[in-house]
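Dropping the structures in below, format is structure tokens.
Both of the next two complexes hold subunit A, though its partner changes from subunit B to subunit C.
For the complex of A and B:
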């Protein structure tokens, strides 16, 4: 069957189309040069098809290969990674397509194509991407099918339909294997995709970072609540605690605590500590978070938690972190608490850490802080209140595009000159002033708000919900949350970023096509909501169906006893059952009747109920005449139906089906 | 249309109790086919043909076939005319609109073929000159099935030239009584009006040929034909030419029924006379009619 025969035009065109569509989802991962050589190969191949091109000479092919290899070597550090392997595969696809002559070559190209589709899943598993990859698969199947067709003239639509049918027939088996085949670790592995390029929170905040985040509508996480949902003003999702300031940047330092005679073990725990020098009070929110990969260890929570998710730690700064950087989508459940934990007293070293500011710079702010502290009667809470009313009453502005404060005294510059800033500026300045007055304070980085979806009891948080706020420590009360942004721009907290920015600024300026921008348009918004719902279900139930979920699901289904035997039996039985059903339907495929004959079959059924069955070889009109002769009441309706029917069936004058149906209802 | 029914009615007064056979004969004529009537002597074969020619207003000639009949006796001869000193063609009986070839199986194969060729080509060659036969041209041949001594049986290949083969059979008692009383038969022939003329007949033939044959009906005809090849009790099945003949006859029948499209009943009505003489059963017990009951109407 497979021969050295030339590949037909149509198959070649299919393969070219498949190449271009397969390259599309991985173009971000693959060096541009390889994409370009892929397009070049496709173009060259089309030129050959049109009789205007020559087969590429050996040296040129060698040159192309060298270019591809060099671009891979130059682009990737370390060299051996998933992206570099995929790049080489993509280049191989394109070059094999270029030099392909025989059907055997074409089959190799098709198989590389399948493999490329599979690798695209490693980079992204969204619903949209999956649907697109399905489309790529159908293209490849059509190309492969085309190799075995004698005729070169099969129309595109019927090829696609045929390939789709093949894929559809494989669907039950795919689903069964997906559910039942045990997930096994890889025998060897290349490093997983690198997340350094991702937009996201970092544990070092320079004012302006968060403003950058606000330009992205990328999904960060979704939280589904079991029962109550916190009101908008309470949705402070903590991710990082920034307690070290070098004059410009806020950093997270709890890794250094062990130096300060504080053992890691005591500081970080698997279970939240509710006793001792540090107390937490249990809250009432139960929720499940599905976070997108960040490449960073921190996880999102509403503050203190009652239980700690698997493979993660809880820090006494009230943040949750994973043992490993979160490189793939992570689902975890939390028994939450409101961030109202209390420490009764604070060790001296911690007080020192949380009041430390650089010894130089920001002189005006320091003096201002001390003055304010004195005016407030050395009461930190009163001082915080005065600061908030200062932000509220003086002409401070909340803006997405603040001026750059780049002098040595950034806080002075912001507080006394610019007065235009984003949440990070306000939180940073607030904490700086508190610390300057000797009050322990820290910046908390995370997300605030999110879009609430009532029908799923779900809050969806995107990058533009990124936020920074402040906490100060008050003896006897513990850490108290103050959000200076709320004073400047109450809408930001109550309704989100879009409501908070002025008419002069554009929401999501970098993504003009983002569906999120068009929330005001009814249909688009409804489409977006439905799609996001589907996407969530897809991520939660399909992509997240990993080893643990699979085993739990199967154990509940098959029972615990001899579990692995049962799994194997179920797998074998299921596969044989599906194959049997498929082959039986193939054997006994009933030709579906055309609509007219279906209608006549209904007529026959009705007549059979009245005791009239056509004799062997008795045609429609004779049958109707026989009925009319033996039953006068039936004569008229039966004859009029029959006449209309034979006119439609044999006269083929396109008479109306509904007229026939109407006549059929008369008896 | 109503003229056709008038014709049939008129023919019924001559040949009593043979309504179906008369209809089939008219149908055969409308489908531009030739007719073979196989029956015993005295069953009204000649009367039927004679009456048909009158009613249809066709020119009619009769040739009694014998073993010494020569092809020229049918097609005509070229003779020298003393007056004009020229050879002139004297057309034979084949140059008529309706030719009755009585007892065709008594003629020698050579003469038979001459006639059969004329039937197929609708022209004859005399001295190398093609001579067109009149329009319409309709041959009715009769054959006596019993006294086979000294006859030349028409081979199957030649039988194929006839669109239908009919058997008249004995009349039912009532009709026979009427014939015996002298109320029917040849005696009434003179009173028979000419309802059609040749032009009208050609028009009717054209109209009936335009009848619509649908996809479903073609499938049915295909099933019927392939069944004749598959059942195994015929030496050979129906040929594609036989299929064409079947459809042409069915179209004419549908036209007579007042429809411009063909339904399975039309095919069934003409199937036996069209197919019977083209199929040679291996055993007597199997009949062509069984094919109709054994074939599904719908796919």
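For the complex of A and C:
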């Protein structure tokens, strides 16, 4: 019946509703023009439905397709990417509405809709998105079943209810397949979602150029601790190590280190660091990090690690980095390690590198640094302490809206004129001054703090926790962490950004609807916490249920012996069990016969086994007589049962069920 | 070994179908009678599912995997739902109007829902009218079917099908309902009735004396000759009546298979059927004689029915209703 039959009005409306809801989650990935033309064709189709429009002529449709193609070509560099393919699919989906006349066309529209739902999960797999896409699926099912219903007056509620019922009935099988069907690895490489547009940490820091730090409550990562959780003052999540300064910008260059003496192999390591430059002792923190995609290679850690996650490296600058940019959510476990201070050594070339500053500019700062170094008795730690107390003075301010320092001597400007800035300004100035005095120093970029969730032993770090701090090298003690921002604004470190900026500045000016903004409100905060917990569990146990996790889970469930056989058997058994239960519940026709009729039906069944079937219109008594005539052994029990039955069914006295049952057992 | 020609295969198939779904006056669709297979739409759906599975594998995306599993589950579920849409439904043949071969015959059927709502069930004879019904309770309906040949009305197997709810699978059944309806031979009016031709012994008696033999009135029927209408009475009472005349016995027409202009037997029967109708319309008594059956001259609805039935069944191989003829073990329904 997949035919040229016309699509009814009601199912066309369903299709349009499904189209709009499916296009919604991908509107960010698709050029605006395509979304607009999509809405236009939906509107046009509604006008046709109302009898106010005509089918668009061929040339117009061609024009729309050309517009869509041109906008895709213009919008995407490189052209072949996931986003461009999705855009073309979305455009085709929308335009198909304008030539959808037959049931066959409508079915094509529905199928493309399902495919678009599949592409939407490539961009986001959050709980909210999933719930929304489930709603889209129900809409699509409702639209699809509307195509095959012949009535034109299908009520909306019953369609939605039926579609929901179908989805609900399909759920057990879906879950079983999800758990048991073995995951395949990638068959060929595919363009990944483009993450370059994301805000977040970069490996270059130009504090003077930023007049207003954008603050977002977007999730960066979650770290779940096995036991102990570091106190707020020690939650320094390293991501990048900025070791080069060109007078304006701090950059990370450790990937390029290829000094003849140091082979690449030695500089980066895939093994936990146990020897070489330093020796480790076990730290107290064991944690598991689930990081959101960044499109950048770096990963977050609390410092030295005892294990290196798969497909990642550990740099001697004590940072973790992945082989490939992190384009999808990544889960890795780390054993916290602490370097033994005395074991840390540093080659000469690295000392040179970590004291290098541009030869010109910032003269005042240089002189000031040398003076300070002398005053401190050439002790780097003492000098650092003096610097911190300098920042602690009243006329240094912590602010997220600093003035621009865009002249050639940005450090001078900041230290002696502006004195307003955020972490990047303070860390940059601190490291510059230390280097000017000849002390190896570097800027560390990452996140500081995070929201601790006690019931899950979990720290949740958001984009506004981004931070920069400093490390200086002290012989015999290794790299020591100094956080100049802590001196200026102790609240920033102890209680987070929100406490640090005070009432003068808005906390999250860019996201007025963020739940995080309304933490003070009890109910909203509770809702937020519950939702974030559910989201975390969703990401951890469902979204992250990939090839390895699946195999590990199933091995623990089914046992290691003959694993694949067991998996296949469990799958086959599970599917047949669910299908059997479904068929029974769906297809079983409840026979709601009264008890007396049931007894008679049992009698008929017994007789049928002996070869007697009542003829059309044959009454109980005549049937019994016929049996009695042809079979003498049955005559007596059949007649007595039949008489008792007639008495019970038609007589005036109440029925004697027990008596009937007893009589029934006699044959 | 000879290759089996298509016709033989078809015959085999029909024999198998006859064993599986024997003709009956009422047929309840159950496991034995419902067939189900995926439609083209269903196959396309499965290929979309495979595409999404590959997409999921390439992106190692759990939710895309989940979606493809959901789509497979939906497919499996739709098999059950489509089947359920037909299962337990009963078709009852109520009656069919008699007619002539080549006419459209109205077949009256009843659909019994079996206590379950049915959606978009399509039924009918593939080469004739097909209708689509949705119903909650029992529903009567009428189908127009073209009668192919005279004799007992055998419209062949009726197709009952449904792809509801999602169009992935088509469940169908070929139902043969027994109908106790005779199809008369096609009426051929191209030959004049024998008496007018001069073949009968009462040749030349074209007109009748009329008034003397006036017998009474009856309500006007469309087939009545306008000359017999009681126009005077109509003017008086505005009731349209037809005057009846007692035809003298000598005016009767003898219709005989042997003296008949047709070439083949079917043609001859057609001509006879036409003559019967013509005589009936012009109110002349007629007798019918075919080998084995002689019907005395008479007139009236009952007589014409008798004559037409004789013609319908003449040498058709079966002279009894198919239901009675049915042999073999009685089936418990």
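Just so it is clear, the second predicted complex is superposed on the first by the 562 of 667 C-alpha atoms of A that agree within 3 Å, B and C clash if a C-alpha of one lies under 4 Å from a C-alpha of the other, contacts with A are read in each partner's own complex, and residues count from 1 in each chain.
Keep in mind that, in the parts below, contacts are C-beta pairs under 8 Å (C-beta built on N, C-alpha and C of every residue); 3 or more make two chains touch, one makes a residue touch a chain.
Quantities reported herein were computed from a predicted structural model and do not represent experimental measurements.
**Student:** Who does A:530 touch here: subunit B (first), subunit C (second), both, or neither?
**Tutor:** Once the two structures are laid over each other on A, A:530 reaches no partner at all.
**Student:** Just checking: does A:568 make contact with subunit B only, subunit C only, both, or neither of them? Give me first, second, both or neither.
**Tutor:** neither
**Student:** For A:128, is the partner it touches subunit B (first), subunit C (second), both, or none of the two (neither)?
**Tutor:** Neither: A:128 stays clear of subunit B and subunit C.
**Student:** Does subunit A have more residues touched by subunit B or by subunit C?
**Tutor:** Of subunit B and subunit C, C contacts more residues of subunit A.
**Student:** Counting only touches as set out at the top, which of subunit B and subunit C does A:73 meet: first, second, both, neither?
**Tutor:** Neither partner.
**Student:** Considering only touches as defined above, state whether A:545 meets subunit B (first), subunit C (second), both or neither.
**Tutor:** A:545 contacts subunit C only, not subunit B.
**Student:** For A:49, is the partner it touches subunit B (first), subunit C (second), both, or none of the two (neither)?
**Tutor:** Neither: A:49 stays clear of subunit B and subunit C.
**Student:** Which partner chains sit in contact with A:586 here, subunit B, subunit C, both or neither? Use first/second/both/neither.
**Tutor:** It touches subunit C, and subunit B stays clear.
**Student:** Of the two partner chains, subunit B (first) and subunit C (second), which one does A:650 touch, if any: first, second, both, or neither?
**Tutor:** first
**Student:** Residue overlap on subunit A between the subunit B contact set and the subunit C contact set?
**Tutor:** Overlap of subunit B and subunit C footprints on subunit A: residues 615.
**Student:** Which bits of subunit A are touching subunit B when the two form their complex?
**Tutor:** Interface residues on subunit A, with respect to subunit B: 591, 596-597, 600, 614-622, 646-647, 649-653.
**Student:** Residues of subunit C touching subunit A in their complex?
**Tutor:** Listed in rising order, the residues are 39-41, 44-45, 48, 51-74, 76-78, 80-81, 83-84, 87-88, 114-116, 119-120, 122, 132-134, 161, 163-167, 170, 330, 332.
**Student:** In the complex, go through subunit A and note every residue touching subunit C.
**Tutor:** 1-2, 107, 111, 114-115, 117-119, 121-122, 125, 130, 133, 137, 141, 144-145, 147-151, 162, 166-167, 169-171, 173-174, 177-178, 181, 183-190, 192, 328, 542-547, 579, 582-583, 586-587, 589, 608, 613, 615
**Student:** In the complex of these two chains, what residues of subunit B are touching subunit A?
**Tutor:** 212, 214-217, 259-265, 268, 292-299
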